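Presented sequentially are two complexes of chain A, the first with chain B as partner and the second with chain C.
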Partner chain A sequence: MKPADLDDLDRPWRTWASLIIGGMLAFSIVMGFVVIPVVQGYGAGIDPFTAICRAVGLVPGSPSTRQPTSAAKAEPTTQVAWSTQLLRTLSRPTDMGAVVAEGCVACHGQRGIASDPQNPNLAGQSAVAIYKQLHDYKTGSRANDIMTPIAQTLEENQIRAVSVHFAAANRRSLDPTTAEVVDEDIVRLVERGDPARALPACNSCHGFSAGGPIETPTLSHQNREYLARQLRAFRDSSRRNDIYTRMRSVSAKLTDREINRLAEFYATTLQY
Partner chain B sequence: MTHARRLTLAHLWLAFAAFAVACVLGVWQMWARSPLPAPLLTANAYFTSVTAHGVAMAYVLTTFMVMGFGYYVAETALGRPLPFPRIAWLAFLVGILGVAMAVVTIFGGTATVLFTFYPPLTASPWFYIGLVLVVAASWAWCGIMIAAMAGWKRENPGRPVPLAMFATVANAVMWLWTTVGVSAELVFQVIPAAFGWNLGIDVGLSRTLFSWTLHAIVYFWLIPSYIAFYTMAPQAAGGRLYSDTMGRLTFILFLIYSLPVGMHHLFMDPQQSNAFKFLQMSLTALVAAPTLLTVFTITASMEIAGRLRGGRGLFGWIAALPWERPMVLATGLAFFMLWFGGGGGLINMSYGMNAMVHNTSWVTAHFHLIFGGTVVIMYFAIAYAIWPTLTGRTPASLKAQRVQLWLWFIGMMVLTLPWHYLGLQGQWRRVATFNYADPIIAAWGPWVLVSFAGGLILLASAGLFIWNLLEFHRARAVAFSALRPLYAVAVHPPARVPAALNGFALWNVLVLVLMIAAYGYPIAQAFWINAPQAIIHRVDGRG
Partner chain C sequence: MAVSEEAILRSELRWTIVVTGTITVIMVAILYAGIVHHINPPSNIETVDPKTLHLTGEFTEENLGTSIDAGGQITARMVATQFAFQPQCILLPANKRVTLRFASPDVIHGILVTGTNVNTMIVPGYVSQVHTVFTRTGDLLMPCHEYCGLGHSQMWATVRVVPEAEFKPDGSGRALCDAR
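Let's look at the complex of A and B:
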């Protein structure tokens, strides 16, 4: 075949393929961008121009029935709002950290390891978790006779600095020979939860590679008395700074024995 | 054996080895979701397993199968040596390195993010880099496929490219378009986040970029099966291909309509507007066209074969088909599953109905039926068809192959039909365990057990498949089939075809137009709308 013949053979394909595909595209655009939004918007009392702008995404909303409004005032469980800028500062140590920490050592220990097991260890805890709790004390989301007045005297940058300071400290060392034999049902709670009670695994948020909220604290190497007291505080709702009542709903389903044994588990087990 | 045959064997063995491991994991996952107590079950173990299963099935099995089969087609359909065999081997090694990186990070517990790239949940960067290497290997394959066809066209000016190769290159061209979305997402968003260079990420943009890839990747997996439908099944049945032009049109339509449609995965997402979702939905509906063309053409081709074999009457030709041949049997079973899977797909792509099945088990069941069923059963048939030509050996009896195909079909139906039903009941996907103490969820239990039984049948079939492949290596009988042509001749073999049906220049232009219309504004808006950034959550313990 001559090239000219080939071109004759090919031209109708080029033309028709472009026309058909272009036509289908045009039909979809007219329907999706004009006809449907305008017709639906008409029923919802939205003028055609606004309806088209909403369909394209230039104006927020979609052309459906207007939603009822509410005058209820939101009451967040915490005032902390995470931002990348805040997280960045929580990864940078400053000189201010050690200075602010001077006010903490009496209860939380020189290196963030509390001498009284009623108080939490801060050493090696994530800076994000420490920041969240201090901020909550300051704003009243979490209340404690000692911590609330202390946190209220701290400025935002001091809270950030001291959080980073303790996060960098070495965690309490554990003597593996003192680790207690842990009950199977407690390990199961930690690793698997209890679907029959709709209890998620502790690990699903507190585990090493978990996908839970970023402010979730590390539990291993923590003091058992402190852990047990917090679980009970969540259970009787005297502590309420957990978003979506996550810990309140979990702890409400735990027995006294489970609370004690879980605290024991985290305080004495090397991993997790 | 030539270079390309060893190359094909290496690719296919890697693909099917990954497949076999992933089958074991899949069965365990269904066990974990059932009311029976599964061993070793923790949420972490479950998500590790789902990630490994997804990566092995969706990236390793498919990519290496497509590549290996492509090298085979390039050599056998074109009848000329594969160009750049060294680059092909190098790409294979790069692919293996990538797979190894993914395996180490998944089983090291630093990549429990499933096989979809949906931030802000972010895995170890080495997981993503490993998968990028697999994609890079497949790009080399695309280049070699295009070069092979171009070389053949230079030597045979004016002659139509054999359909099997035309389809393979359609897949390569589509794959180059396809991987732009996910590569952009990984290179510019996810990998920097995984290294900790960024703390925030625009998930609206990353989900949109992933959707660019998400539908076309399925056709990348599917096209080898369609190549088998068009070129191998009519030949195996002893007939002819009803229409070569229909075949070319089908693969062209796959190229065009697999790409500007991915937003049907984002119907429930807030970052895109209704009009663009509608546009992509209506383009998605056109994807039904190549499927229906194929059903028609292959049924007509089979009817020709059946009638040539003496079949009479309206349906008599069906009984007259040589169902004892694995390729014919697999085609019949694949078509049967295609009706159910395709029907489910029409529900998924409908903007309104999608809301009912979104994020439920329906979706998982759907893609297991259409991919694991229709596509993978044809992978088996392709393997059975080409393996004798690779090793020169064939088992004396094909019975074990037929049993394997039937087991796969039965297992897949038993697995997926209850799974669809549970999706309609509201069973959610991506969940490790269910609270069977809840009376509503308790009613799901028996159906999950049925699916689990289906999974066990599939595992038996997978085991038999590997055994059957080994038979090709150790059987005594010499494969006479190796000498038979594999590819069907059309009823009217094309003497000349227009350039539009012999290359992809026109179609690339049209794809570009459609992609700009469908994705131009939805992606561009991310650069001027100050979208809120989601905070990265890394699961590798670095975050």
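Let's look at the complex of A and C:
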């Protein structure tokens, strides 16, 4: 057979196949984007045009249900929102950092290591975490009689500078001889969490480069008294600046013993 | 070797029938799941800024949970965040049409409510919305089913479905698990 004949033979197949596929496409478009939305929308009191726009995806909502409305008044837990630009400045050291830090050494120590264990160490803390806490003190999201007035005197660029400054300092060195052997169940909480209580492992957020929320502070090498006090503050919601109750929901499930032992663990264990 | 045109045509026809049959079976299965079990792809395209989710409007902490609006529409709002749902329990009535709305401020999460047709991904930047009717009462488990980080396996919440008569929202139209 000559190629021209083959072409003739194929033509009816091609024509029919194209017609069937085209027909199915047209049918689906008319059914899915026009008939069904308009009929469903009619039942739900949605005008045909809106129903079609919703079905096509131009307007949010399903064509068969009224779109819920929200008259929410925003009561944010914190005013901080992470932008790329902000995160970039929190990785750049400036000369201003050391100057601002002079106002902090009395309580947080010369190099960010506090001599009074009630005060937190800032040395080696992540700049993002320090920034968020200072910003929260300043805006009132986190309240403390000592820190609130101090943070209120700082300008935004000073907060950024001092955060980077302390983040660059070396952490408190730990004495291997004082490292406490902590109970197995505490180590399990730190490393594995407790699925039955929907309690994620502390280290899934607090572990080194764990990939949890970026504002998560480093806990290791922190002071035990300070850690325990913060866990209690989260538990009774007197500290409530954690976005979406990340820490409040965790600490609400902890017992007093667990809080004390976890604080001890992070304050003395060398590993993390 | 010459194969007759007729033989080729017959063979083509046979295969056409096999392929058409296979596709028909698959389409019927999809239609059956869609129409009988109400399992459909999500149809809501609605964007929201994940960076400011906690700052503005609908998905601020205070506004999450179940609420009834003036028109009687029941909506439960939830945020999926590493590694917990907020709130960790939502209260809903049985045998009533309810709308679930989810958003994520960080990474992709996903949810399903066991024993129901509720199953959706929660992608940062979008609002995931599901309409459903719960027929079983009790505490239904709602795990995160999209790996979201090291704490993923401890990430689950509860959907508490109560008989309609026991579903009593407070004066502002809100209903919370622990308020019962």
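Here, the second predicted complex is superposed on the first by the 251 of 272 C-alpha atoms of A that agree within 3 Å, B and C clash if a C-alpha of one lies under 4 Å from a C-alpha of the other, contacts with A are read in each partner's own complex, and residues count from 1 in each chain.
Following the convention adopted for this analysis, a contact is a pair of C-beta atoms (placed from the backbone, for glycine too) under 8 Å apart; a residue touches a chain by one contact, two chains touch by 3 or more.
As the structure is a computational prediction, the values presented were derived from the model and not from experiment.
Of the two partner chains placed around the shared chain by superposition, chain B and chain C are both touched by A:W82. Touch criterion met: A:A55 reaches chain B and chain C at once. When the two structures are aligned on the shared chain, A:D10 is found in touch with chain B, with no touch to chain C. Applying the stated contact rule after C-alpha superposition, one finds that A:C205 touches chain C and leaves chain B untouched. Contacts of A:I21 after superposition: chain B is touched, whereas chain C is not reached.
Legend: residue contacts after superposition of the two complexes on their common chain; A:P68 is shown touching chain C, with no touch to chain B.
Looking at the shared chain after the overlay, A:P195 reaches both chain B and chain C. With the contact threshold set out at the top, residues 1, 9, 54-55, 57, 62-63, 82-83, 193, 195, 198, 200-201, 203-204, 207, 210-211 of chain A are in contact with chain B in one structure and with chain C in the other. Remark: chain B residues 41-44, 109-110, 112, 121, 158, 198-200, 256, 272-279, 282-283, 286, 433-438, 496, 498-501, 506-507, 510, 513-514, 517, 521-522, 525, 533, 535, 537, 539-541, 543 touch chain A in the complex.
Residues of chain A that touch chain B in their complex: 1, 6, 9-10, 13-14, 17-18, 21-22, 24-25, 27-29, 31-33, 36-37, 52, 54-57, 62-63, 82-84, 87-88, 191-193, 195-198, 200-201, 203-204, 207-211, 214. Across the complex, chain C is touched by residues 1, 9, 54-55, 57, 60-66, 68-70, 72-79, 81-83, 193-195, 198-201, 203-205, 207, 210-213, 243-246, 249-250 of chain A. Those residues of chain C that touch chain A in the complex are listed here as 5, 43-46, 51-52, 54-58, 60-63, 69, 71, 73, 75, 77, 79, 81-84, 86, 88, 97, 99, 101, 105-106, 127, 129, 131, 149-151, 153-157.
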